[in-house]
Amino acid sequence: MDIIFEKAAKIRLVIFDVDGVLTDGSLFLDADGQEYKAFYARDGLGMKMLQSTGVIIAIITARSSPVVKQRMDSLGIEHVFQGQLDKLVAFKQLIAKLKLEPQQVAYVGDDLIDISVMLEVGLAVAVGDAHALTIKHSHWQTPAIGGRGAAREVCELIMQAQGTFQSELSKFGIINDR
Amino acid sequence: MDIIFEKAAKIRLVIFDVDGVLTDGSLFLDADGQEYKAFYARDGLGMKMLQSTGVIIAIITARSSPVVKQRMDSLGIEHVFQGQLDKLVAFKQLIAKLKLEPQQVAYVGDDLIDISVMLEVGLAVAVGDAHALTIKHSHWQTPAIGGRGAAREVCELIMQAQGTFQSELSKFGIINDR
Amino acid sequence: MDIIFEKAAKIRLVIFDVDGVLTDGSLFLDADGQEYKAFYARDGLGMKMLQSTGVIIAIITARSSPVVKQRMDSLGIEHVFQGQLDKLVAFKQLIAKLKLEPQQVAYVGDDLIDISVMLEVGLAVAVGDAHALTIKHSHWQTPAIGGRGAAREVCELIMQAQGTFQSELSKFGIINDR
Amino acid sequence: MDIIFEKAAKIRLVIFDVDGVLTDGSLFLDADGQEYKAFYARDGLGMKMLQSTGVIIAIITARSSPVVKQRMDSLGIEHVFQGQLDKLVAFKQLIAKLKLEPQQVAYVGDDLIDISVMLEVGLAVAVGDAHALTIKHSHWQTPAIGGRGAAREVCELIMQAQGTFQSELSKFGIINDR
């Protein structure tokens, strides 16, 4: 875990995949082809806390859905890349724009399409129920599965590693926890 | 369990968080940003039974959704506080209005934002799958997880402790159970 | 199991509760208070098979939702009693109308409100995740939980006990299974 | 597993049932009887990969829902047979049209209605949570359950058996995995 903490300490940007990472991978469809997704309340709180420590959050996803925009707006996340069949292209655009080095980026994924970016970043994370090859190419696998706390665990890992977790906790009136 | 029963015997008001407590934390969204939630039928019956014994039920939640109002109306719950980023403020308003002491209040939560109120009340309950720090600050953790019977277990605990469970059972034609 | 088979052999009518029995108890709500339910495909096939052997299926539920009517219509179930706070009244009306004895009726439930009818019928079934008191008042508990195959297991039990399962299987081109 | 690989090596067409195979069997309904289904993102990627190796994918389902058409369109699947109470008829039409032998076809099912086709094809697959009789009539049971990766496992088995998995992986920038 020490080496993971070292990697997490350097992170200035966390990129999340959506389906299977911020959701459990379920694609709800109706008769008109409208799509619904189920996000997880506790992931949202973690993402807000992490952002308030100054770490940037972004989304890169292969699929495209207005639902994702809705959720990310409500979490104050402005860097949302949808319809990215080659995620590496979006990744390079984003770090160039933010003037960040790959070592300062964490990426959280669940499937094969996530691996090309995971090979580039400083901290590659696979969710608990990720594809076996995605886990193989990750530095860390979250205990929680996608859409049920995996994103929250990534946010808390980074805050712990950067020493910002206690001050975030104090905003909730929680003192002296570790 | 004896000390939990003692605390439960004094409760006149039970406050529930919504996401992660009355639901499993899933936030279903559609393309227009409309929100859907999944409540649990058996929790609803417990909340109706507890209210019929004279214990008041209230809701304090950080998020805001018309869905919550719909569900609480159907359960006859009138004290619904939504959009409460500082839950302690709503808590203090509510007990002042109801002329209750903190010792007469139970609070059921799942995440960090619930802890400030949990530190004040007579019976602080964490759902079975609550955040580790929320569990740490609770008096009792329900066996069931949020949205799958946790609220029901809180309602039955209080009725058991107050000796009202048998008379509620008798309304269903059930005699002499313990 | 022998005594359960004996009871099941006499059944001419199976009454199902809805929430927690034909669903997993989740009540999906939207902002307008419209309700959605998730039924289980494999339960539907079992209910169709059982009906084709001449056993009648009915629904008695405390709650009221147009969704239930939609699903039951698609399964060809005409005896649908909704909004029944006292299920015993509906039960007595139904067996009088169908000229059946209580011994010829099975009832499948998950919660306290189901017990009054379960005390009357020939075969009282609790789903796998029913309330402890409901299980206590049942003759049989299904291995599967509500909304995930419990109803199917009841249908197959009755067909097995009545010797009609093989002929139903033969309609699918399956021969000589037991 | 060797004999399964041998069977999988010959497959030119994979036919999937929908409810319980591409979904977990949940039928979401609203008050107007409109139906919603939850598909699985990772199954979709597997089906796209398999198709890009030249294997054809088709759907034969007993039920009928516009949702299925929507999802299959988005995956580029043109052979969609809905409302097929006798699946064997649709199966025979399809292989005649595609000029394929039964030995070149895999079928993936979960319930009794799937068995008649499973008895005909070269590779009969039951999902992890299939009905016991469906499992009995299958050549292979997927570790994953329906709607949570079963279809993905079938797609990867066939690509592994046909030696096309590595070249598909290379499209994601993944080299030398096995």
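Read from first to last, the chains carry the letters A, B, C and D; within each, the first residue is number 1.
Simple rule for what comes next: a contact is a pair of C-beta atoms (placed from the backbone, for glycine too) under 8 Å apart; a residue touches a chain by one contact, two chains touch by 3 or more.
Computed from a prediction, not measured in an experiment: that's the story for all the values here.
These two copies of the sequence, chain C and chain D, are related by a rotation of 90 degrees on CA atoms, to the nearest 5. Although chain B and chain C carry the same sequence, what matters here is overlap: shared residue numbers make up under half of all numbers found at their interface.
Taking the mean Cα position of each chain as its centre, B sits at the greatest distance from chain D. Averaging C-alpha coordinates per chain places the centre of chain B 31 Å away from that of chain C. One finds 44 Å separating the Cα centroids of chain A and chain C. Annotation for chain D: residues 28, 36 touch two or more other chains. For chain D in complex with chain C, the touching residues are 19-20, 23, 25-33, 36, 63, 88, 110-113, 115-116, 119, 131, 133, 136-137.
Note for the complex: chain D touches chain A at residues 28, 34-42, 44-45, 65-67, 70-71, 73-74, 147-148, 169, 172-174, 177.
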